[in-house]
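Notes follow the structure.
Naming follows writing order (A, B, C and D), and every chain is counted from residue 1.
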Amino acid sequence: MKCNGGSPGDCFRAVGEKGTIKMKKSIFTILSNRKLAKNTYEMVLKGDVSAIKRPGQFINIALDGFYLRRPISVCDWDKDSATIIYKVVGKGTEYMSKLSEGAELEVLSGLGNGYDTEESGVNPLLIGGGSGIPPLYALAKELIAQGKKPTVILGFNSKDEVFYKDEFSALGARVLITTADGSLGIKGFATDAFESAGDYTYTYACGPEPMLKAVYNTSVTDGQYSFEQRMGCGFGACMGCVCRTKYGYKRICREGPVLVKEEIVW
Amino acid sequence: MVDTRVNLSGVILSNPIIPASGTFGFGYEFAEIYDINILGSISIKGTTRELRFGNEQPRIAETPCGMLNAIGLQNPGIDKVISEELPKLRKVFKKPIIANISGFSIDEYVYCCELIGKEEQVEIIEVNISCPNVKEGGMSFGTLPENAAEVTRAVKAVAKKPVYMKLSPNVRDIAEIAAACEEAGADGISLINTLTGMRINLNNMKPVLNNITGGLSGPAVFPVALRMVWEVYEAVSIPIIGMGGVSTAEDVIEMMLAGATAVSVGAANIKDPYASKNIVESLPDLMNKLGINKLEDIIGGAH
Amino acid sequence: MVDTRVNLSGVILSNPIIPASGTFGFGYEFAEIYDINILGSISIKGTTRELRFGNEQPRIAETPCGMLNAIGLQNPGIDKVISEELPKLRKVFKKPIIANISGFSIDEYVYCCELIGKEEQVEIIEVNISCPNVKEGGMSFGTLPENAAEVTRAVKAVAKKPVYMKLSPNVRDIAEIAAACEEAGADGISLINTLTGMRINLNNMKPVLNNITGGLSGPAVFPVALRMVWEVYEAVSIPIIGMGGVSTAEDVIEMMLAGATAVSVGAANIKDPYASKNIVESLPDLMNKLGINKLEDIIGGAH
Amino acid sequence: MKCNGGSPGDCFRAVGEKGTIKMKKSIFTILSNRKLAKNTYEMVLKGDVSAIKRPGQFINIALDGFYLRRPISVCDWDKDSATIIYKVVGKGTEYMSKLSEGAELEVLSGLGNGYDTEESGVNPLLIGGGSGIPPLYALAKELIAQGKKPTVILGFNSKDEVFYKDEFSALGARVLITTADGSLGIKGFATDAFESAGDYTYTYACGPEPMLKAVYNTSVTDGQYSFEQRMGCGFGACMGCVCRTKYGYKRICREGPVLVKEEIVW
């Protein structure tokens, strides 16, 4: 993933789906909605996933009684369903956690640029913190399908928040767990597992901004970093999510959420 | 077949629906999801003399039936709008374009209006006087009749296209300000811009928006917008572009009955990219149901 | 045990929740469905010198996340409020009562404040200056700082209890008006009253309300109310009773963080008779969750 | 039902449930929701009906996405369910018409004074127009249970709007139908059936205001008239629904919706 300077839109076109939004608005039906860990839920949605092209893209979910949609990364998808994992942090995600199987959600899918797997090399390092972990699952899956050998560092606060450890392992990835309180795996932050991770060819990261920054400073390779931002539209119309990069202003919802290391401005 | 045409100072729109400035980008990106030529017009993102990044993040907050934004007029600057954005839009949009202009001084308004008015595609200039008036110490040009009139006179002296003054609702008497604009030569009035509001984040106990306050829009403000359109209609005889919370064809009819000649749709596009399309498409059926043949006939009909 | 007490000019409320004037009748009827002594206080329906029928029907319209009312200050007149309504309320309510006073002239305000201030049960007088100012041609007393100050001075000269001036949000600069009231001797500020709005009935194509416009309240206005409380807090040092769209304990905390010492709950009582009760009851849990021990400590905490 | 002068509240206490609101807030479950006639639906709700004491009272229904409740008269009730009949006239009633069996509604029940059957005499005349008909059903039922012989005039615009004709007959009431277009029964307004109705001892009416006024002018007996008004709270707190009567101002939601003939001011 190379990013050239230029105005918003240009960059997207250079790296994304060649200038055409694949965004789709459609109804998804909840196949399951289960608690994975403390405040953390996994929801499987059945519907038209044709707009979802890359790991790291997100969907934007309309919820009854809430004016704005809720952006959530795609954790995994197959031909007619998509899985998301979300943390209950406010009223919207709380509402989501109470939805039952069979309920319908109006969703915009296929949003954001997503991760590019081309430059990963053979031993990419994937680092996720908390609710930033989900998109790394589809990424690890794709990398493994390409014959690469990813190492995955999953950072949590505490053991009771840990999820998808076994799922990542089942994909064939090497998995390292960190917890801030030391209740599981390596005690400390995700970056504290860099040493145990050994050599790596490329860095993929997703998580809260302080974690991204720590990874940015620790990592010795190029990489791609996925950012969160409060969003209005989620598809590029409102300029609500714009951040500065070395190559101009970018909409996290469209030229992002994934930025390449070289363009990031803290 | 019902007739949905309306007339803004001689510019005929095939229907009154205009995506509102700031909620539809520069329009062309929506062309990727539907044919935007079904729209009456498009009001493009507010433009200033220089490129502006706008405010720091976060810029968006949610509210009951609405949203707050504090974008801070991010835009690529007028030169780039003219050289890059307008041509891109023109390629996919054959209808009249409304250019929305902002400024932090009278000079800046004049500069932008003069330049943008020369663009063939631009058929109406919408002058947003809700941005802070730096000279007068931060209140916006649109909150006092004298200032609003001064901007109007200045831009009318140079503008080659009809000028619509876009008013702020954060005022005591909007009719007075509209009347001052008309008196100063405005060709029409656009209203309302956003109501100033805020939210506080209970997790960190600080304002959600980096800018502390932001502009409230969406269905929550519809009754206030409707009332202001009503009041301005009673005070002026130039056309009104009504906006504020419009989300359905029913809302469009209410706005027009209150006195709007055309109607802008803002936050609804942000909530749902197809909102303007849905409104355009459901308008004829609603007109049939309500027994309206010619949409123009109902303008101000509730007075 | 968290401490929910707050202090309004020396009047201690056991918690900051006050049903807002006009949305709780004279209070005693709610005593039939729950023990209203759990409330911090009650602001009773606005009272005028004479009995008023108010506006013709319809007086109510629905809006997105809110409602419009054009009651027109229906009330039995101050004599009957004192002789009948207050005693009925006192029988079932042992907490401080806030008397809400309206007027169409300075004389009327003075008359009502003087009389009601003598009632032992009444511990605060809330002076609603959002009603039309007949002398100045229909704008309300609360929309210009000079007028607001004039009413304040006049009532302070006779009132035997702390006086809270209740401000209209239909103004350009609410902080300026609040500051004028403080300067003129007000003991506190209540805000906001309703935002002026309207709706049109598509069936008959006329305004829904007989009065054409009405006052918007409910969650829709919460972000505007919060912003105004924030601005007034920066401008004055007297206590603020914050209101406008408050419907949950979370909203109460936001209001207090913005600067309110106490919080009134209006339209929420109309939507749900148990609203104020639910808020009072969920406040301690929310305080625990947010780590607040003493509610008073968070007043203005987001500044 | 006698009404003395006095301030709002006094009157209510004199005629109603002796000063105590029986209002209840509770959740009702939809047992059925079926179309009866053009734009007209019948909904049966299961729940705590203990607050419903008299025909002519109403319930106030909260609907998701609508700020205010929708007031609808009780058409009939038994020990654990209540029936309402509503006409689709706007977005709220349209939403109601789409609700399915099993859906839950939050309802305030036991609102309003309701009809008083004490003074009806042996041959009361019940006159209902359109969506004003439903409360007359429970009223007819109660009158018949008391051994009285009601005649019921049901006024509609057209045959396709007619509902509950057979239901009223099944109670044992004499039923006269009028339609404005003459497509069923007597052609004309409800008042055009007065002649066919013959002698009557008392008048109960419910329907649109022009109909109530016509009945008021045609009827030769005392009577009770049920009014509709746009409501805020529906339980007496907001003064949104107040009307003038000869004995002072009354809240339609509390001292009404039923007014006695002698107090009505047009």
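The rule is simple: a residue touches a chain if its C-beta (ideal position, glycine included) is under 8 Å from a C-beta of that chain, and two chains touch if they have at least 3 such contacts.
Source: prediction; values computed, not measured.
Note on connectivity: the fewest steps through touching chains from chain A to chain D is 1.
Highest inter-chain contact count (C-beta pairs) belongs to B-C.
The most distant chain from chain A, with centres taken as the mean of CA atoms, is D. Once the centre of each chain is set as its mean CA position, chain B and chain D turn out to be 46 Å apart. Separating the CA-averaged centres of chain C and chain D is a span of 35 Å.
Taken residue by residue, chain D touches two or more other chains at no position, since every residue touches fewer.
Residue positions of chain B with contacts to 2 or more other chains are 61, 63-66, 218-219. Chains touching one another form the pairs A-B, A-D, B-C, C-D. Within the complex formed with chain C, the chain B residues making contact are 61, 63-66, 68, 139, 143-144, 170-173, 195-200, 202, 205-207, 212-213, 216, 218-224, 226-227, 230, 245, 250, 253-254, 257-258, 290, 298, 301-302. Of all residues in chain D, only 64-65 touch chain A in the complex they form.
Chain C makes touch with chain D in their complex at residues 22-25, 29-30, 32-33, 45, 53-54, 57-67, 69, 71, 74, 76, 80, 84, 208, 218-219, 267, 269-274. Per the touch definition, chain D reaches chain C in the complex via residues 7, 9, 20-21, 23, 25, 62, 66-69, 108, 229-233, 235-244, 249.
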